[in-house]
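Here the structure is laid out as structure tokens; the discussion comes afterwards.
In order of appearance the chains are A, B, C and D, and numbering begins at 1 in each one.
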Amino acid sequence: MAGKMKAAVCHEFGKPLTIEELDIPTINQNQILVKVDTCGVCHTDLHAVRGDWPAKPTPPFIPGHEGIGHVVEVGSNVDWIAKGDIVGVPWLYSACGHCEHCYGGWETLCEKQEDTGYTVNGCFAEYVVADPNYVARIPAGVDPLHVAPVLCAGLTVYKGLKMTDTKAGDWVAVSGVGGLGQMAIQYGVAMGLNMIGVDIDDAKLAQATELGAALTVNARDTDPAAFIQKQVGGAHGALVTAVSRTAFSQAMGYARRGGTIVLNGLPPGEFPISIFDMVMAGTTVRGSIVGTRLDMIEALSFYAQGKIRSVVKADKLENINQIFDDLQNGRVAGRIVIDFRN
Amino acid sequence: MAGKMKAAVCHEFGKPLTIEELDIPTINQNQILVKVDTCGVCHTDLHAVRGDWPAKPTPPFIPGHEGIGHVVEVGSNVDWIAKGDIVGVPWLYSACGHCEHCYGGWETLCEKQEDTGYTVNGCFAEYVVADPNYVARIPAGVDPLHVAPVLCAGLTVYKGLKMTDTKAGDWVAVSGVGGLGQMAIQYGVAMGLNMIGVDIDDAKLAQATELGAALTVNARDTDPAAFIQKQVGGAHGALVTAVSRTAFSQAMGYARRGGTIVLNGLPPGEFPISIFDMVMAGTTVRGSIVGTRLDMIEALSFYAQGKIRSVVKADKLENINQIFDDLQNGRVAGRIVIDFRN
Amino acid sequence: MAGKMKAAVCHEFGKPLTIEELDIPTINQNQILVKVDTCGVCHTDLHAVRGDWPAKPTPPFIPGHEGIGHVVEVGSNVDWIAKGDIVGVPWLYSACGHCEHCYGGWETLCEKQEDTGYTVNGCFAEYVVADPNYVARIPAGVDPLHVAPVLCAGLTVYKGLKMTDTKAGDWVAVSGVGGLGQMAIQYGVAMGLNMIGVDIDDAKLAQATELGAALTVNARDTDPAAFIQKQVGGAHGALVTAVSRTAFSQAMGYARRGGTIVLNGLPPGEFPISIFDMVMAGTTVRGSIVGTRLDMIEALSFYAQGKIRSVVKADKLENINQIFDDLQNGRVAGRIVIDFRN
Amino acid sequence: MAGKMKAAVCHEFGKPLTIEELDIPTINQNQILVKVDTCGVCHTDLHAVRGDWPAKPTPPFIPGHEGIGHVVEVGSNVDWIAKGDIVGVPWLYSACGHCEHCYGGWETLCEKQEDTGYTVNGCFAEYVVADPNYVARIPAGVDPLHVAPVLCAGLTVYKGLKMTDTKAGDWVAVSGVGGLGQMAIQYGVAMGLNMIGVDIDDAKLAQATELGAALTVNARDTDPAAFIQKQVGGAHGALVTAVSRTAFSQAMGYARRGGTIVLNGLPPGEFPISIFDMVMAGTTVRGSIVGTRLDMIEALSFYAQGKIRSVVKADKLENINQIFDDLQNGRVAGRIVIDFRN
């Protein structure tokens, strides 16, 4: 598709993105071109443009991996997706399709994956190239603005909850009731779990209660481990959305014997763990990142059924550096979503 | 049963045990009295008499929890065990029977458990009181000397292997091919796993190969992570029998994405863990201690089928302090088993 | 406890029960005596007094296995239950405690189990002897009349739903929305399942919708297999509460590939099954009966949280033969519960 | 690739195949052309050419789905497979890649699958077109003649054993120790299972023992249900490779409570099942067909490790009708493999 598009480009780690006019990218026969309607801004985008992680993107690149859009061009070899389809372009841009992880429905563990807005250009642009085998079909009638955060934030916590190996009726604590935590509470409630919100901000805890948490504890005033052990005999599962040393160590304390703690964040550095306690209590600690395509269908389906509502604020691509600044400084409640429509 | 018995008693942490003549203990209507034939000496006994762990036994006490013996007295309320039965008296002396762990076949996680040779007197004595609901039936025709280490060492690694969530054909690395590791190799082979021995002692690795390990690596010369990743694409599971910082960190490195590392030891102190790597690779780290009664039946059954052979050396109760000394200084190959017969 | 009690006794299969004055039974040191407050009347009681099944009870016997009562006497060897405790006396009177099923948390499969109101006297009496290790603790504040059906009907469908191996968000059809089916819809909703009611009675289907079913189909007018396949691509799981040839064959038709059909009833005779279809579709068919003590805790916990409401009608023991007659002729909506209080 | 090839073609159900000279088929950009070296003859081929099953192939077609060959042509869009690669062309020719089954690693349940030698032309020909995404890589150094039966027979029983939900040390009975059964015994042994052979032919049972079965029973002389229940307390799992009414009903009898019976054959007609027994015993009955690509990798890996040996007899394509005749009349021991090399 000939023409120009607006995009936010990272040219150097740690520097502001520049808003540029670029050629609309061309696709090969196995790809599709998506006109982006909305795209959420995720912490991972911030890590990407700062070059925080060991394996870094290669500038210049366009971040953004919570893109919702409609398909405007389809490669000649693509038969599963058609022009006009509404799709989500998520973090997992593509996987090899042939390794044991891919065969086993665990493409998120594929060692040859490409990641949107990181190893390939992402959705902070009016158009984005996507692999039709890895985009998500967006259920009909869903608002592009509000569904965007499901693509990464929602998917991540939903999968994280699944990885706690808990079942309906079990107690699951969510450590950190920010954007991710609020979604986790809602997914947990929809899954029949008894959710516990753990945070240091009473307003957030009040919101957790409103979203269906059966119990909340302010870790600033109260030792969450003692509290949860006393109230319900410990949590069967824990989802640590904002992994800090404190949050991690608290989760080890409030987990029930035989419980599972799922880590959903990507903090740098090393964390201390008491193996003695872990062995005595039969605790499981597990890392989980985003979710597979099947998880995505499920996460979107819960959303389409009205069981999840996301708190979003629409903004413009031109404000991306301010958004990043707010994000970095904890001034964002819910999710900022870039709205390209209009 | 009136009379006297010989026992090794810990009166003070860190001091030598004393060999004493004590009254044969009396049982209540729900207990049984076992005449001990053999009892293995486990590292946990060493931790017990040194008072190494946070929750300590209360001296004076008699250690020992790999006891094999025959039942000589049966409480009036006991109907499942009869005089003359050959039983094993393991670490798990009893559990509450009514908590969710007990109901769910996870009595090893019971918060009200009693532990043999730790919270109640153990098998470093000619007679021991036992709870008939928690002793193991020893399969007929099995040698009391060689089966003793199955009660704790064998059970522990067998359960540990189960907790790796692997299946036949998967690759499982055993870190530390000492007494526990050798048993782990054998149980793994019997379970259809492709076993990898990791150690720093070539003699032990040679033995691992002889016991059926498909691959071995000397971590002194070769980086086990690089080696295992290259040879087989990483291990699906890892059993760390001798948990040290190095062993733990190596296991994180050689685990395949989505793999599970089971910790089978009880080291004091804290270990560093990179949560970033764990989340990216979807790794699971899990603590596991001894095994349930059902695990015990299975572990003994593999043994009775001739699939496991234990390396034991018989010794006398009177030498217990020397044995502890040897154990502490790594001078014990296989298992020392106290033989009370004769 | 000296004294007399009123009881409904079966002296001959197929004959009316007689209401008699009997001595209050005595307990041994390992038992408890429960004063029955309420007891639901289950189809199994009908099968028992008619001698319908291959293994029959031995008359004279007292049926009844949904008993709620308070403990009035405690054997000297019992420490887990105290006088005054409110307990439920369920179908599983006791199990051996030492077989692989008992060890593994599957005491409902124990080959040496005793069953209340069948192999031992049950709760259609003012007093009943119980095994303290197998009674259920009734959560505080719960109404004895309404909770009674949870002990068997609720437990059975809750366990049945668990055995469908489905997860929150999956589609599960309930075949037969009578007393059991209504409870199944509610448990399913509480577990986050998308429930489908299948029946031939529009009133029952309307009730299913009211209880949270996402979809219903009247199998008299509409082929449920075609309907469910078309609407949602087939059910991941199916619970057949009233197993008939038709219901079973329909479930085979509306199950999704890889789906699981759980049978929750005990019809006599043989049912035809197409193995070709089963293999092609990878279908699982599974029998499930009542539930374990852990399932009971969970089932009661959902109830205590207010997520399940049972439809009950109180009646008097003296009317038991009329109740059986109504039950047999399908004239009972919900559950008749004998109320002994007053 | 221009040129001619020899092929066995079915023009009419129930009629002999004709050996013909056909044009070597052409591939599109997403396909590969495989020069067939060997191809096993499976019972399913017989069903195909007789039109036995409800969904039939459309004549004319070429059967054969245990093809081993080397890649001679590669579509321009194919990057995972290269010219010269040795591949297996199995029953599952292709699947949609986008349904929940495909996403979940269950492509064998895909409703849009194509099947080799059934819905598309198969390997009873010198050349066959294949979908590179669904062929199996054959491990280096493996004999094409002997590995062929692993592609369908081996894969089927391996997956079937996995679907019994058993673990190492469990007892698993194989009903029918013919070609499939012999492979099942071997895979079971490699998986650490205690295998039981059930057949009516002493020679086959002797072979089962030789292949590692721990127990065998001749169902002509001895009731296998009584025998297995008495010897080992019932089988945890059963694999019924030759599903007949008798075999199915016996398996229901010798399964342990809570056991799983996997059906691996595709008999027409209906089989009677006692739901009462199934519910009382908590039995699971499950259909299983071939295996996924991941199962294939595993099945081939066991083979490549030397743990499985197949009994094959090489034959020529020209003899296909005689082979079918022998197969139909039970005159084939092991597997006939068409050898195209020479």
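Here, a contact is a pair of C-beta atoms (placed from the backbone, for glycine too) under 8 Å apart; a residue touches a chain by one contact, two chains touch by 3 or more.
These figures come from a predicted structure and were not determined experimentally.
Chemist: Chains in contact with chain B and with chain C: which ones?
Modeler: Chains touching both chain B and chain C: A, D.
Chemist: For chain C and chain D, let me know how many angstrom lie between their CA-based centres, rounded off.
Modeler: Computed from C-alpha means, the inter-chain centre distance equals 42 Å.
Chemist: From the mean C-alpha coordinate of chain B to that of chain D, what's the distance rounded to whole Å?
Modeler: The answer is 42 Å.
Chemist: In chain C, which residues are in touch with two or more of the other chains?
Modeler: In chain C, residues 106 touch at least two other chains, as defined above.
Chemist: Which label fits the chain touch graph of this model best, line, ring, star, complete or other?
Modeler: Complete.
Chemist: Sort out for me which residues of chain D touch chain A in the complex.
Modeler: 29-30, 77, 80, 96-98, 100, 103-106, 133, 292-294, 297
Chemist: Provide the residue numbers of chain D that touch chain C in the complex, in ascending order.
Modeler: Touching chain C: residues 53-54, 101, 106, 108-109, 111, 243, 248, 257-258, 263-289 of chain D.
Chemist: Please give the residue numbers of chain C that touch chain A in the complex, ascending.
Modeler: Against chain A, the touching part of chain C is residues 162, 167-169, 190-192, 298, 301-302.
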